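I've put the structures underneath this note.
Heads up, the next two complexes both have chain A, just with different partners, chain B and then chain C.
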Partner chain A sequence: MTRSSRPGLVLEVDRRTPPVLFHNGENFRLERLPSGSRIVYPPEPLEALKHPEDAIARAVDNPHNADPLRAKLRPGMKLTIAIDDISLPLPQMQLPDARQLVLERVLTLAAEAGVDDVELVVANSLHRRMTEAEIRRMVGERVFRSFWPDRLRNFDAEDPDDVVFVGTTEHGEEVELCKRAFESDLLIYVNINLVAMDGGHKSVPVGLGTYRSIRHHHNVGTLLESKSYMHPERSALHHSASRMGKFLADKLDIFTIETTLNNAAFPSLYDFLSKRELEWSLRDQATYLAVTSGLKRLPDQMRHKLLHSIASPYELTGVNAGETEATHAKTLENLHRQHVVQVEGQADIMTCGVPYIGPYNVNSIMNPILVVCMGLGYFFNLYRNAPLVRPGGVLILTHPTPRAFHPVHHPSYIDFFDVVLADSTDPKVIEQKYEKQFAEDEWYRHLYRTSYAYHGVHPFYMWYWAAHAMDYLGDVIFVGGDRAVVSRLGFRTATTMADALEMASETVGRRASITHLHCPPLFLPEVTP
Partner chain B sequence: MIAIELKRSVPRYAASKLAGRTTPGLLPYLAPLRVGHYDDPEIPGEGWVRVAPRLSGICGSDLAMISGDASFYFSPIVSMPFVPGHEVVGTLDDGTRVVIEPVLACAARGVEPPCEACARGDVGLCVRTAHGIIAPALQTGFCEDTGGGWGTMLVAHESQIHRVPDGLPDEAAVLIEPLACAAHAVLRANIEPDETVVVSGAGTMGLLTIAALRQLTNAGRVIAVAKHGRQQREALRLGADDVTTPSNATRAVRLATGAHLHSPDIGDAWLAGGTDVSFECSGNAAALDTCFRITRGRGRVVLVGLPGAAKIDLAPVWHRELDVLGAYTYGMESNGQRTFDLAIGIAQRVDLAPLVSAKYPLTRYAEAIDHAMDAGRLDSVKVVFDLDAK
Partner chain C sequence: MKNDLKKIALGFRWGRPSAQPKSAPVPALKTEGNFETAWARKPWANTARDLLQELVLLPALRYVASPTIRGRERLRHVEQPVVIASNHVSHLDTGVVVEALPQQWRHRVAVGAAADYFFTSKVRGSLAALVLGAFPVERKRASATSARAAVRLVEEGWNLILFPEGGRSPDGWLQEMKPGASFIAARTKRPLVPMWITGTEHLLPKGAKGLRRGKVDVLIGDPIFPKQKEDARELQVRFEEALLRLATESTRDWYSSLKQTDATHGGPGAARWRRVWERGDAPPRARSRWD
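The block that comes next holds the complex of A and B.
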């Protein structure tokens, strides 16, 4: 039996429309939006591949614009397999992880071909190292036992013995890469393509790149010209990454394997998160009440643990392999099939809830800088063609923004918040004045290499990620935010949604149009201005 | 004369110590202070003159004494009852505007020959402060015979008198005494060019230490630890490169120095590496503890603020082989100049007058002391008595 999947929906709020769900950090809230507001709902999850293992086998045997994988494998060769890290997917998926399935197929082919020199590298770039348990979960027991720890490891972008300077693109971008990967006869990149921003040429030069390389596209100037990150053709970030990727592809045999997932982000217990409020059953309403009041009463640590233990029932909707660009084009096609929702016209006000999880706080804490990255970086930029909100419009986000940081994962974030943001919130000023100091700080470097800390420069990238929104919007208001924290971030706080809308009217007037992005689950509004 | 006098009173001392800090506004009434009409102090001997104070500061050491937080260590060299006030700008009988160097050393006491310290010019280290023609006291403002700045008349020895340059406002002149303390502290630390310096506490002493650092040394980065907004702004104005708050101090210094941060199982974090020199200017035990934890191995920690009895983990001092330097007062510096002359020079180059935030007449002493106790939180720096005010 096939499951029907309804496309996304733009619902106009009227007097009968029930309150709408907002993610609110480690809880949820219902807000009643004024009549005439629009709610953009995600499409329902697409039907999954019935036999993912077979689909993977077919993909690597019939690649796009490349020889089949088994034809590339030979005894005596040096093979490196790079894997997307813990930032994907969100939340972590129920087992088996898509990467495990791909790895098992690739390693079987390698073994059949007599390839002995195989190394698996987590392409964590400047992200924190994954723990042993996290890697075990991702690659599966069989792969883990066979390769950990000598032949399965995190990439260390600060290890001079494992980094090689490859050269410079025609645009002057320095390309530095994981040495093991670059010196391999074949580099296979195993990806999970959760959103349109992921994958393609962005995988290798970023995932296995260093600060020296990444700074050429993760900077304020480039990100201001990326409109949007989810629309690679219009993203200067992707243009730069593509130049680097092509530069590398001329020197290195890269075989890309990309997977796409449906958007079944939450298990059935949390159905109310994915359903349209008009269709909430009594059970959904009861679950909402039980979950929200339960989360409210739980101690911080327990609430945190509970939420981060949620595993998504994501399922594979496609696997493509081969030459990077050809593969990625197919991946995007498949992704758009799941994600794209047509929206007519921009609103004066965009509303959205910021959830408990983002790419950089898996098993960690969503600190205030990551909240900004999620709200202004990812959700604002979750569009094709044009933003959901008009130039000079207002973005209203819900999140309590506590001043909470994970001391192991985010040490440089603490100093970024306390020192850098106390001085300026202007991305350009911050970049010019502080980035180099943080990027080259020996302590951050030490913690990145030996502990589980994000690289010292990482909070800067989170801030730059929001630069386009800061430049574009007339105001940003956090409903329920901690006043001191939000003020440090350079934004405004409102106690209630009604207050926020009142405050927004100062910028966009009293007859403002409102569009609510009902996200996650993730999707991609294609906006016709 | 009209003056505020501090008397010996065990019950009042106990009351002010118990309730003074916890109950805002109560301390001036609990403390053994009385404002009233008293006889002018008598000239004790040759070389002594009368000084009519114009402005007189309320110092942290005065407040510690009033609130019962001062160390009993000083009791043998204090004579009660006395009129407090040792930060004084006033006029001589002929109208000359002067500041007084309050240390009551051998010269003022008529001790001959002077002790070794006084002979060297280190009057702050005088060992005869309980001898001679006047009652025991380390300084004017703690002596029953001389009067003090919190009265309309005091007597001072000519060795204590420094003429105020024309054009220097009283508000700046009244800060010359604490500025001299700061200058002395800065010179004690032998700052090498480009050394990183932390100034912990940004009350009057901290801010003046920053000013002295910039005027007397080629220090590199100066990081001020300041709790309140006004203090932070003044710290930057007077030459600090960065300001941070006490709760962020360790991380801010780590960031500035590229040190590594360690977090013990119990207790505050500390730095492997850190600043070259720390000046602790608040007299606060927790702040001193932080200084020990953020100063690099064989660095210097200078005690500028008046410390009291404190329980502090000295493991970092041992582990880092820190030099802990006291910096009490002035005298003759190693460069052959009197500290007060250096301070007067600085006061002519740096605009200090804005640091005087409030002036009170003596009759409003309760409000003045209350204000001074909470100066930081009230966005103030120095609170003074205006002896000419009615």
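The block that comes next holds the complex of A and C.
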């Protein structure tokens, strides 16, 4: 990549501004925003590392606050390498995956040092197990053939033989971990850091943790106290994960390798998704028309397959390795270089389109609960300092919210939607009344362990992610949503954007200011209230 | 599909020049300033332009605008090339300035045109280059490419027409002026000729869809000769004074303008309607020679 990267942009809409693109589930829509509205655009992708393999080698040879990896490896040792799962990056990256490059370097060093007892564990925590094909794609053919299936596997957080209770932190948080990892002489964690929320101490205790551990920070109280998920210092969730991480680091040798990617989220065919509309060429306009009308006409399954086959041309912008905290500090620096866009002032109304993909529906279906998690959990919380919208403001999202669930991946979500949400949408009530029951349900446990299902408690966590937004906002409106579904979720539906703005005026008045988050590609508005 | 097509056609200004939102960064399109127009100054293109202008454009302009040109005598001892800088209120201004020039000057004229307006599509840019002799000028920022191109044209003997306001005035009042014309004159040491146009804003104002007939006045000022060590900023001061004097002369008389220039050509600092109101009504329609 030779072109220079332009920083993000806050554009004020005037009569010359073309309509703005909204993601709309498995399609897209163009909307005209009123004059005076602001559109926050992401920065352009940073220039990638020219020789990523060399950068990885340099990082593990010159780690932060730790001995070089080479010095830690010795014959006869027990080495476990944990890897981030399929929830990162989004969409999946074009091959080779960053994790493959890191693994190949680490394993080359391990082989040179004569380490025989090596095991690779996908740190999927309470996420669904990755399929053989997905793992093969992620780690690459060489690694896969060398280790699958005995020494390359998914982590099973419900396997009593592979879970160990480590102890409790000074705050009384119970720490349970993958036994193999805990009993290793060295645990290497290979991470992809897509947003500032990922990585650091959140990797090991969460990725290799169990329900017993994770419930201490994935709960309504902690998430309500987290003032900015993307700002670890201001996030109670991160404080808790940090305590657990430090607790583990005292008992276990952890070597963290973190990678950062640029935000080249879409291949050139879909350029219109990344470009600012005012720079759309005729070709982009034609592609938009062709793609949207084509997607409209395709049968559900084909549309779904087509979209999930999109692989991002992400490229590595940095690799850091060593002690977790020192490494993560460098990672965040690098991430902010790509992501941060300065925004002055909060708006009365925030608008955003919910895309077809999120961390929990890769090769799957984005069901209504995941839509809420994406819109209210992730996009609303995509800020530093303060949200893009003021307290009591309105969030307008575009998504058709069909009542569609993946029966294999999301079985507990179906019951959550039909049973739990029919009773209450209040996260606190739901947590008290239903969480334990779903978390300990034997059938969900069985599906999580033997099939490809998310853990029974997972839909609760998705709902908790949205708790901060539900508490903070005055109203949430879905444009183009299924009325029955949105009503079950506890929100309101509008047919058009104009209707949604009209409805929002009941809450924020007629002279409301509007800010549109032009996302994805992902970025991080730093908002000065 | 039909709705989407309509939304795109309207939203992306199909058939109209693309325009940038005011808060958009520049340049949004990287090719505008580099639009190649050298071919439009080749002999064949120059001849075609002369024919088009003399046989079609200028007669049509005379029919529509009946221009009255005053001050042409001020150019009688001036040698080409020169830099001509005028106020700008309408698309008709370029034609009016060309009409105001002495006959023998019209054959070597290049017009600085907004890169982000005229040169956003190949068809529009090529037409502007052929018919008007236009070349792209970046107006939202100081561009070394534009400045170099303009200086080269003057050095090659082309008279340059520039509108230092950087765009048409939305209400007829003078806008803030950019120093590009003075920079080129100072750099090439060629005379800077101020011009003041009145009336075109009533015939084809900014944003108008139709053309009206009427009467236009053009006042040509004394050429300003850059002094030996004068830089662009000093020349700009002299130029702005001269242009204001011309504006005063156009509304009052030459002698009054010498004594005191009217400093309110920027118009009152008030709402748009009051600024338009202040300028008064459109002049009466020109009488047809058959009336």
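The definition used in the following text is that the second predicted complex is superposed on the first by the 527 of 529 C-alpha atoms of A that agree within 3 Å, B and C clash if a C-alpha of one lies under 4 Å from a C-alpha of the other, contacts with A are read in each partner's own complex, and residues count from 1 in each chain.
Assume a contact is a pair of C-beta atoms (placed from the backbone, for glycine too) under 8 Å apart; a residue touches a chain by one contact, two chains touch by 3 or more.
The shown structure was predicted, so the numbers you read here are calculated from the model rather than taken from an experiment.
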Partner with the higher number of touched chain A residues, chain C or chain B: C
Partner chain(s) touched by A:Leu30 [first = chain B, second = chain C, both, neither]: second
Touching partner for A:Asp418 - first (chain B), second (chain C), both, neither: first
Partner chain in contact with A:Arg74 - chain B first, chain C second, else both or neither: neither
Touching partner for A:Arg145 - first (chain B), second (chain C), both, neither: neither
Partner chain in contact with A:Arg283 - chain B first, chain C second, else both or neither: neither
Touched partner set for A:Ser293, first chain B, second chain C, both or neither: second
Contacts of A:Leu11 with chain B and chain C, given as first, second, both or neither: second
Touched partner set for A:Asp441, first chain B, second chain C, both or neither: first
Complex contacts: residues of chain B adjacent to chain A: 242, 244, 248, 251-252, 254-255, 258-261, 263
Parts of chain C lying in touch with chain A, wherever the complex brings them together: 1, 4-5, 7-8, 11-13, 19-25, 28-29
Footprint of chain C on chain A - complex, ascending: 6, 9-14, 16-19, 30, 32, 276, 278-280, 285, 288-289, 292-293, 296
Chain A residues touching chain B - in the complex, by the definition given at the top: 407, 411, 414-415, 418-419, 437, 441-443, 446
